[in-house]
Amino acid sequence: MSAVPKPALPAERQAFYAKIDQANVTPLWEVLHSLISATPNTPCKPYLWKWATVHPWILEAGKLITAKEAERRVLILENPGLRGRSRVTHSLYAGLQLILPGEVAPAHRHSQSALRFIVHGQGAYTAVDGERVTMSPGDFIITPSWTWHDHGNPSSEPMVWLDGLDIALVELLDAQFFERPPEEAQHTTRTAGESFASFGNTMLPVNHEPRSRTSPLFWYPYERTRAALATLAKSASPHACYGHKLKFVNPATGGSAMPTIGTFMQLLPQGFRGKPYRSTDSTVYSVVEGAGRMKVGGETFAWGPKDTFVVPSWMPYTLEADGEAVLFSFSDRPVQAVLDLWREQEG
Amino acid sequence: MSAVPKPALPAERQAFYAKIDQANVTPLWEVLHSLISATPNTPCKPYLWKWATVHPWILEAGKLITAKEAERRVLILENPGLRGRSRVTHSLYAGLQLILPGEVAPAHRHSQSALRFIVHGQGAYTAVDGERVTMSPGDFIITPSWTWHDHGNPSSEPMVWLDGLDIALVELLDAQFFERPPEEAQHTTRTAGESFASFGNTMLPVNHEPRSRTSPLFWYPYERTRAALATLAKSASPHACYGHKLKFVNPATGGSAMPTIGTFMQLLPQGFRGKPYRSTDSTVYSVVEGAGRMKVGGETFAWGPKDTFVVPSWMPYTLEADGEAVLFSFSDRPVQAVLDLWREQEG
Amino acid sequence: MSAVPKPALPAERQAFYAKIDQANVTPLWEVLHSLISATPNTPCKPYLWKWATVHPWILEAGKLITAKEAERRVLILENPGLRGRSRVTHSLYAGLQLILPGEVAPAHRHSQSALRFIVHGQGAYTAVDGERVTMSPGDFIITPSWTWHDHGNPSSEPMVWLDGLDIALVELLDAQFFERPPEEAQHTTRTAGESFASFGNTMLPVNHEPRSRTSPLFWYPYERTRAALATLAKSASPHACYGHKLKFVNPATGGSAMPTIGTFMQLLPQGFRGKPYRSTDSTVYSVVEGAGRMKVGGETFAWGPKDTFVVPSWMPYTLEADGEAVLFSFSDRPVQAVLDLWREQEG
Amino acid sequence: MSAVPKPALPAERQAFYAKIDQANVTPLWEVLHSLISATPNTPCKPYLWKWATVHPWILEAGKLITAKEAERRVLILENPGLRGRSRVTHSLYAGLQLILPGEVAPAHRHSQSALRFIVHGQGAYTAVDGERVTMSPGDFIITPSWTWHDHGNPSSEPMVWLDGLDIALVELLDAQFFERPPEEAQHTTRTAGESFASFGNTMLPVNHEPRSRTSPLFWYPYERTRAALATLAKSASPHACYGHKLKFVNPATGGSAMPTIGTFMQLLPQGFRGKPYRSTDSTVYSVVEGAGRMKVGGETFAWGPKDTFVVPSWMPYTLEADGEAVLFSFSDRPVQAVLDLWREQEG
């Protein structure tokens, strides 16, 4: 739906357009209707990936290619409206990464910020700037922009997590950099838990000075998150649209854990029937616990544990839960917020 | 140049890819080499639009279409590497807008932030939220996100300015909104000069509370800018790469005048031979005074007054001036800065 | 007026108090009534210093002591409720400083922040970190915390300005430092006007990174201030309590010019009869232009050009002007604001 | 030690001083030497209050006066250099508060911010704006500026905590307000643990907008604090001066828990012999675990569990521990920091 009409195209205009085209000049009025829309006109479509469907494929991928050959053995979840562009929303990337027992995904660093949300298995680790953390389902982990990171699986079971990256955003800004370290694997220089002890308890090292907008805490364990949600479920009223919803924050600033990707965890009470909600940040959900439905644009997407689904910008949707349910989600909300572009609407 | 190698593609992998494709799933390792590059891999190319070339076309456009039919009568300056996409850089739009004597470009508002840099003529006005300012060459004007704005030319001469907008960025974020007011033209409700008196003198109204990140000052007159540069030219040493360079700021925060577009004015001393410089923000320049050259990637672009040129992300370039020269420029630098993505390199 | 009652004092309590007193322990309940009050219980009293009274004394001081012997030849304006404590309000110091033709007030630096508001004469200079500015009546100048500064008068007339310092605040915090430079006078290393060109025009040097919360601009000329007020007087409605009032800001942050002292300039329209106003920041006023009255607590203080007066915290007062009047003022408002303590009340 | 010399005082100067004194005017040069010092010249002295000494007195106070009559039954710890002024440092107040089984300290609110550090006993509660938390030794609790708060002891044992308030600072600013609620005790409107679930886990409610600079979390349990210190003691190197030291922060901003009082917890490893350290914030310590010494100005203060001691601004001191020790401390550091006045020096 265009906000402005398209003008007529008589021959003399056509001739003019051809002439100026030679010097990389073109008339705005011929394209204005497509540049400007009254409301967001996203190519992103709603979609759901069932765990039962993708899990076997993930395991099959484990036989087709090694983590080392693949650099990262990931199945990209591509939005049906953005096929071939490696995007789950207009601005973000999502994929399910598999790491098999004994494997190592080699160290590198890049401008892109990444989140890891643990979906399946446990015992593998992520190392960030020399500190390892062992991952369990529901844990939220970040590998911040331009930090060395690798993954390894010393456990005896395959492990799968959801990756979320800001690839398209960094690409639009032409600010991407990538580096490999001198050695394939990072040296572990810090004891596991040091970051969490330093930053994870509403305290900071006395002389801490933030060096970036990204959280110095890179591991947000599900044990903590789940306990907080359980308390809220008992003590507070759920929001009519989204239940009990918390955002992960950078403890040194109160801002989002990463400047480019907002991350959230919410609990829907048993039998929750949410009111319609929309916001301008297309959002990817990963189901941690429970089952329910997301309804949008006349469609119903039934979800259960480990499923992933995506809701496009500005489309009103509702969330429903059967038993109590817990959902992780991520979007580009902090980018929109810091640029004064974010909007939401309830009901 | 890819940062990671592309794996082999045996038949079994091909079959697997076909299977998972049905559910909008695709292997990362087949596209990782194109997603990740060691340094910015911008589609943006350097280019220069000569005023002598485009000025006649602008006037010709004035005969081909009215401001009213066109909504905005603008010739888009399209980057040669991004043809058909209405972009001067990867993330930004630029165009030269003409308004003829007696014309009015009707009021509207949109999420996109816009800058107006006055290139040619004077006496037309821009009105923002009911306050008009009369524009002169070298003036820098903003029409902030979601503010009502229109333009009119009560003078007797055609007027041309450079428009810069963040269209591609807002599009990537799917956060665009557009509205027309009830009436075609805004009512002027505030006296010309009230904003400048309130915000333009290193003072703020005593009870001012910023409501957005955008500057409450919407007019930065060239008279002030030029005088400041003249003083610096006499008193301070020029930077080896970019001479005397100032950024336009929001007086209520010290941040950029708009959150999405950084704007700059610089003076190159007579005979200036700048050292190479690069940064990750592809930059559009508009020549205010003087003549000189921009050298990049083996090419030389000779510029003079009212010319427009663009320098891509991360390509080292040099600036040279014959006599003293003054350049206005804009880029997406504040977006990169607030997301911790911006880099620069001198020499 | 006490917010809590004082308990009885039987003999056994007295004996107990005497016992614990030996170890620097004392009962709260005996002093709580004096520590806690329902509203501010300031020792500060309203007062006015007539220029006609103090001007001859200032000149007399010029004969009694040299600037060099005095270090700074200043007559302190002591609040009548705080005699002997060198304070014009509970937290701030004010004095009128005289510098005679040919004199130099030697360079030093200290933790205390200082403002200079030019009352009388012109042609003397203040130098801050090697850059001189020549001062005229109505100019507002800062010598920021821990910057080298001196004053000199190469003109042929005596010059007087109002000093405002945060001495009591820095004393309470026990954070005072003072240093003399190796040489008595600073070397002038920067051209006059460089700071103003860099920071005084709603622009900042492109690579500016603030090193402190204090404004990098140290001279706010009255010419600019007065012109802004004149425009507002024509275009905007005056506030019912304080007319047209602007605050001086740090252009790099939008905060107050100094973190410890807020500074303001306001225009009262001809015949202005302000409504009552009070705030928790006791405020010192210096009259720049015009004549009028300040009424507080049943008293009327009639003021004219170059007079200084003080209004205590939380006492409702009104301002009236005969012809158009301009008032400079300062207080500890930014300290209160940043500590979430500031309150105001209109009417 | 004065930074500037005091001038001579001939008879004519004396006469002049007498004359101007009538109008509340006085010469700066007669007092400048006392106003300005080369380094902090604090009246605060080092001192230590032994628990063994004050504990019996606290219990005795419980028999001499009721909590209700006293409003707050507190023994003030007065700095020996500031007797009669209810101050433990130049700017801060400290006291030990007793609440007996069955007692209630009635609800009120005031501009002053308060901390409660639990020293002895457990089972009493503090309620802040309708939410109760039960307190245990080592817990750090805040009752923020202008929030309703009360205390009660439904347990069967006396409970003692250390109060810290910013009384002198608020007094200097003349910004004090105090109110009683309509009813003596607050209604408990929120479930215990709701704030902690909402703010205590490096997450925030999704739509949280800070309304003040004070932490929305008012309870920092020792269990968390102690576990973090234990991990750091195993994993990180202690700072040469202060061991492993964390600051309590506002999770919504990363700033100090309260804007006016900084609060810290540190672990000194077994046998720690700290290097000298000084800073401009006079600091009050409360010993949580272990025993050791604080040496300052030639004196040695031997401390053990539940002792309180104070170190003045800018006096170099050392900390030593026998076994592992844990110290809580507080000071006005955030005020100094936000005003750019804070300094520290190691070694």
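When the chains are written out, they are named A, B, C and D in that same order, and each has its own residue count from 1.
Here, a contact is a pair of C-beta atoms (placed from the backbone, for glycine too) under 8 Å apart; a residue touches a chain by one contact, two chains touch by 3 or more.
It should be emphasised that the depicted structure is a prediction, and the values quoted were computed from it without experimental measurement.
Within the contact network of the assembly, the step distance from subunit A to subunit C comes to 2.
Our note on geometry: subunit A versus subunit D, Cα centroid distance of 42 Å, whole angstroms. We define each chain's centre as the mean of its Cα atoms; on that basis subunit A and subunit B are separated by 30 Å.
A separation of 51 Å divides the Cα centre of subunit B from that of subunit D. Applying the touch definition to all chain combinations yields A-B, A-D, B-C, C-D.
Subunit D contributes residues 3-4, 7, 12-13, 16, 19-20, 23-29, 31-32, 35-42, 44, 47, 49, 53-54, 57, 60-61, 64-65, 69-80, 83, 86, 89-91, 93, 95, 110-112, 145, 167-180, 212-214, 259-260, 280-282, 312-314, 332, 335-336, 338-343 to its touches with subunit C in the complex. Residues of subunit C that touch subunit B in their complex: 190-194, 196-208, 210, 215, 217, 220, 224-225, 227-229, 231-232, 234-236, 242, 245-254, 264-266.
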